[in-house]
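These notes open a run of structures that come right after.
Paired with chain B in one complex and with chain C in the other, chain A is shared by the two complexes that follow.
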Partner chain A sequence: MNQVLSLIFAPEFGYSVLRVTTPILFATLGALIADKAGVTNIALEGIMLIAALSGVVFSAITGSAGVGLLAAVAAGGLVGLFLAYCALKLRTDIILSGIAINLMASGGTVFALFLIAGDKGISSSLASKVLPKLTIPGISSIPVLGTILSGHNVLTYLALAMVAVTFVFLYKTPIGLRIRAVGENPNAAASVGIGVTKIQYMALALSGMMAGLGGAYMSMGYVSWFSKNMTAGRGFIALAAEAMGGATPLGSLLTSLLFGFFDALSNTLQLMKIPSEFVNMLPYAATVVGLVVYTVQKTRRERVAREAAGPTGNAAASGNGATR
Partner chain B sequence: MTKQQRLFEVVRTGLAILIALVIALVIILVVSDDPGDALYKFLLGPLGSFRHFGNVIELMIPLVFTGIAISIMFSAAQFNLGAEGGFFIGAIATAFVAIKFNLPPVIHPIVAILFGSLVGSLFCGIPAVLKVKWGASELVSSLMFNYIAFFFGLFLINYYLRDASAGAMVSFLFKPTALLPKLVPKTRISVGIFAAVALVAVAALFMQKTRWGFRIRLTGANAKFSQYSGIDTNAVVVYSQVIGGFIAGLGGSIELLGMYTRFSWQNLPGYGWDGVIVAILARNNPLFVPIAAFFLAYLRIGADIMSRYSDVPNEFVALIQGTIIILIAASSFLAKYRHKLVFKEATRAVSAGGDR
Partner chain C sequence: MDELLRMEGITKVYPNGIVANKNVDFSVRAGEIHGLVGENGAGKSTLMKILFGLNQAEEGRITLEGKEIRVDSPYAAIGHGIGMVHQHFMLVPSLTAAENLVMGLEPRKGIYLDIAAAIRTTEELGKKYNLIVDPKATVRDLPVGIKQRLEILKALFRGARILILDEPTAVLTPQETEELFSQLKLLREQGNTIVFISHKLNEIKELCDRVTIMRSGSVQGTFDVSSVDEKDISRLMVGRDVILEVEKDEAEPAETVLKVRGLVVFDRFKKRAVDGVSFSVRRGEILGIAGVEGNGQGELVEAITGLGAIAAGEVSVNGKDVDGMSIREIREAGVCHVPEDRMTYGCAPNLGVEANLMSCNHDSPEFTGPVFLKGKEIRANSQRLIAEYAVKCSSPLQEVGMLSGGNIQKVVVAREFSSGPSLIVADQPTRGIDVGATEFIRARLVELRDAGAAVLLVSADLNEVMELSDSLIVMYGGKIRAYAPDAKAVGEEELGLYMLGLKNQSSEEIARVVHD
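Moving on, here comes the complex of A and B:
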């Protein structure tokens, strides 16, 4: 136990929390933007995979990590648009569209990897590039804080910056206002002349681009290759993190950090004599527990609010069970 | 649904499959050096030998189980994707009984399969309870539980059931009394196929002829309406998923005892996701599930054979599957024709009514 604590309180652990939080945070912000526009992007998992592969392939072809990053983000945006096309134009249920995209991504990336790299498991035969790490002058020389905060991949800093950018975008710009209006009540938004479909297309494209950044980080920062199904459910964890974060940018950051903590913990515990299966289970179990704790509190808060509002509120709120 | 509308749905499904196959054709043409041979292997390979066709039937059986499990949950509009984990953890539970218990033949597999099914139903019931009690999305929690089931299952195999004398990470051999007898020689088709046939009949009767099935369909179609008509929708939400989990666990158990002599899965087998495709193809109707499962199994085995004898990797089948899901579930796909059809029928009904 002491050994675990000493590992957790080492500054290196803080560093690794930020490192593993990065992809989850990008995906969670992606989930947030879609959710604010009233659409569920369950395809985040597949989008991250496609973006991760695109980044590796394009950086290997051009020899430039920057081009790889752009390709990953573009791929993410395109798949987001494709999801929007399926859900809004073809009117396929958005959950089913997302499942279809995830299936296509997990098989399709292996298919493409085999054609390009001649291997079904890993892209090590491609000379792909990695995005640079940044050492922040000033902060890096502070004892503990410097170890935690400095020397991260450039995308880790971008992810943290994106929390603020997303906040400003959603709450301080006219487009953000429209996105939230559409998510809040599409009919009301349409009645004041907002193009609901157009806004949702845009939100899903942005959501895809955000997940694309997460995918780029996976294959060009977290590790330096693409491997089969390397996202390992992070896109799904992001959905839980977004819900638990109360659909706000800051909440998303905090819950992403929480899952990042358990992810890092599972990496650290690998070194100890705990069955690795349990350790691997940790981030997912933490997600479920977190989701339950959050929803329990939410229902309790709502009940208190209802009782405060008097008996009339009861009938309206009791029908929640079967509706989504 | 009138006869014409049903015909329309058949045409629509056929067209979606055709479009997906055209995409497959294009991919093969682009990728392969010998596209003619690859295409031949893909489309006709499963018919090429008795063994290959046997493979199609072997693969079809688990797809029938997960397809029906998902159909029932989707009928109640519950996007519980725990069939994947339920299938896996059900198989683990069955392996436990098949290895650790000493029971007479016939009874042994029945006990093992029942135990596996119960574990599966518990597993899919958890997201359902979390949803009705606190409103946690069953979609998100069931996805997380799939990973938990996977790692927990591997833990049980590794620490309690692992055969150290075998080279790979596999369990001990099942007791011979637990194995399901083979039905067709030279294939791995077991008597489990009878269970699949029986399940199709029972599930169809359950969904169409019982009040529980009716409540599931009504809740799925319009939860608020069901609630106001006095149906306890929370109960429906829970039992639809418990039943779905039971069937998924049943499928995993029968798959394991029918096809294998020890537990050797190192990954989630993916049949839960395949069940989504089957359920969508079958329009959540248990009677159509075997057809959809056969189609998907044929596609898979065809792709496997093709990848073995040509230069096209079998993963391309995922692209076909995704296309089929999107097109068939797309309510706008051919919607114009549906509108015309409905309009024509309505005008005919009105004019017929006017004559009387």
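Moving on, here comes the complex of A and C:
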């Protein structure tokens, strides 16, 4: 136990938490933007995979990590638009379309990898580039904080910045206001001339681009190659993190860090005798417990409020078919 | 005063064949409050939806200040200065009042939303029109009256000069209504024009300059409010166009089946929708409830059938208190229910006729073995009922949702009536269905009455409630206003006065409906 604690409280552990949180955070913000517009982007997982491969391939072709990053983001945006086209224009079910994209991405990226690199598992034969790490002057020399915060990949800093950017975008700009209106009451939005479909297209494209950044980080930062199914469910974790974070940017950051913490923990504990599968289970168990506690409290609060409202409230509470 | 807006020869036929507006002419003068009255289904909402671009008319034209305009969307209507406050608010609950106000026309500062300007606008507009709303309040937390105020502000902010208010007082308390009226009068003084949809005549008298009365899709006339009294309006508004006769013998009422005493039911706005109602329905009689929709009939039916909650009072069937019983237990006590909304509560549209006909008995030994459903018995049951009720379907497996309205209702009625009920609660049993099915269902109700069932009939169709009922009560504002022991003996004009709250019987007269 002491050994575990000493590992957790080591500054290197803090560094690795931020490192593994990065792709989850990008995807969570992607989930958030789509959700706010009233559309569920369940395709985040597949989008990240496609973006990760695109980044590797284009950086290898051009020899430029920057071009690889742009390609990854563009690929993410395009897949997001494709999902929007299927769901909003062709009226397919958005969840089924998202699942289809995920399955297609899982097989398709391996196929594409084989065509390009001649290998079905890993892209090591491609001379792909990685995005640079940044040492932050000033902070890097502070003992513990410097180890945790400095020397990360440029995309890790971008992910943290994106939390603030997303907040400002959603809550301080006209477009953000429209996104929130569309997501909550599309009829109200349409009644004042807001193009509901247009807003949802845009939100899914932005959501895809955000996941694209996460994918680029996976293959051009976290590691320096693309490997089969390398996102390993991070797109789905993001959906959970977004919901658990109460669909807010700050909440998304905190829950992403929570999942990142357990992810890092499982990596660390593999060094010891504890099976990593057990540790991998922990964040989800924590989610379930957290949601139960949250719901119990919310129900209790509502009951107190209803009782305070008097006999009317009771009537509504005991109504067995009261949702009319 | 000058004529501002004119709608001429408006005809609207809905895809299901219902003619909602028949060659309607309607005109509004600048700076007036114009009442538009009529019963539910009279076509007033349709007419206003056409004006606001939510519906398109088949025929007719709209002119604004003498120039013909095309209104093919709400957006176009707003462009012409026409705004509408819907019964269901078009607000986003988690946004603030100011954000809701400017939504779609946001003030900007660079790339940012200028929230300070939005707040300022809300305050200034609010002061100008005496429609004060806290700009920073979250809409979710606002009372209904303030939400409505915000909706009016939204329309004004978008440049509306003609405001359409669709039954705005339906959701308001009396105090909120008072406040709304003084605000509307102020808007009129400032030169705005208001179309006020209502079926409450006292409100029309208090607020409006002129009134247009509609019935069955046609305009019955437009009058200066000062030149007509409420009785004139009522006579034009309530009336029968075609008299359908129902053949039946005298009722022979026996013991009480449904006993309702001092019943209070709250609606979803927490208002007393049913306010201390007492009556009895006896074996072998049809008791009709007449009234303009929304006067508590729906909530009353829900309380009796278990769909809604009883706040106070007693409801018992054959001496058993139904409060606290599940819907299943109430049904087992002998109550059947023909619901008003047949597609939601009456049937499962995606299931076949056969499945719908046995859906309330799916776990009875008659249709269910230890593991599997008894296909043969179910088929025999459906074939028997399809023949008995003359349901037109291609096979017992055809989806109910694919049938015509009349046949869907026959399926509902066949299932409900075949359960051997002692109390039938029939809520608008023939609304929107063809004449053949209507006659069939009415005849069945009389047959069941003669066989000893008690029938509670709720209908907004005056013709139906007067012809089919043996005795009737009139509901207005959640209370019983009149009781007629013989439904044939009461005149429709008098009924209209009760329905619109212009006349009340004494409490002794009303108490006669309680048979103990």
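We adopt the following convention: the second predicted complex is superposed on the first by the 276 of 324 C-alpha atoms of A that agree within 3 Å, B and C clash if a C-alpha of one lies under 4 Å from a C-alpha of the other, contacts with A are read in each partner's own complex, and residues count from 1 in each chain.
Everything below uses one rule, namely that a contact is a pair of C-beta atoms (placed from the backbone, for glycine too) under 8 Å apart; a residue touches a chain by one contact, two chains touch by 3 or more.
What you see is a predicted model; the values in this text were computed from it and never measured.
Once chain A of one complex is fitted onto chain A of the other, the partner contacts of A:193 are limited to chain C, with no touch recorded for chain B.
In the superposition on chain A, A:17 contacts neither chain B nor chain C. Once chain A of one complex is fitted onto chain A of the other, the partner contacts of A:288 are limited to chain B, with no touch recorded for chain C.
In the superposed model, A:107 lies in contact with chain B only, and not with chain C. By the touch criterion stated above, A:86 is placed in contact with chain B alone, chain C being left untouched. More chain A residues lie in contact with B than with the other chain of the pair chain B and chain C.
Of the two partner chains placed around the shared chain by superposition, chain B is the only one that A:42 touches, whereas chain C remains out of contact. When the two complexes are overlaid on their common chain A, residue A:176 makes contact with chain C while staying clear of chain B.
Once the two complexes are overlaid on the shared chain, A:126 sits clear of chain B and of chain C alike. Overlaid on A, the two complexes show chain B and chain C touching the same residues of chain A, namely 319-322, 324.
Contact residues of chain C toward chain A in the complex are 74-75, 78, 89-95, 99-100, 103-106, 108, 111-113, 115, 154, 158, 265-266, 268, 270, 302, 306-312, 326-327. Those residues of chain B that touch chain A in the complex are listed here as 31, 76-77, 79, 81, 130-137, 139-141, 143-145, 147-148, 151-152, 154-155, 158-159, 219, 223-224, 226-227, 233-234, 236-237, 273, 276-277, 280, 313, 315-319, 321-323, 325-327, 329-333, 335. The residues of chain A lying in touch with chain B in their complex are 42, 86, 89-93, 95-97, 99-101, 103-104, 106-108, 110-111, 114-115, 120, 233, 236-237, 239-240, 243, 275, 277-278, 280-281, 284-285, 287-288, 291-292, 295-296, 298-299, 319-324.
Of all residues in chain A, those touching chain C in their complex are 168, 172-174, 176-178, 180-181, 184-185, 187-189, 191-194, 309, 311-316, 318-322, 324.
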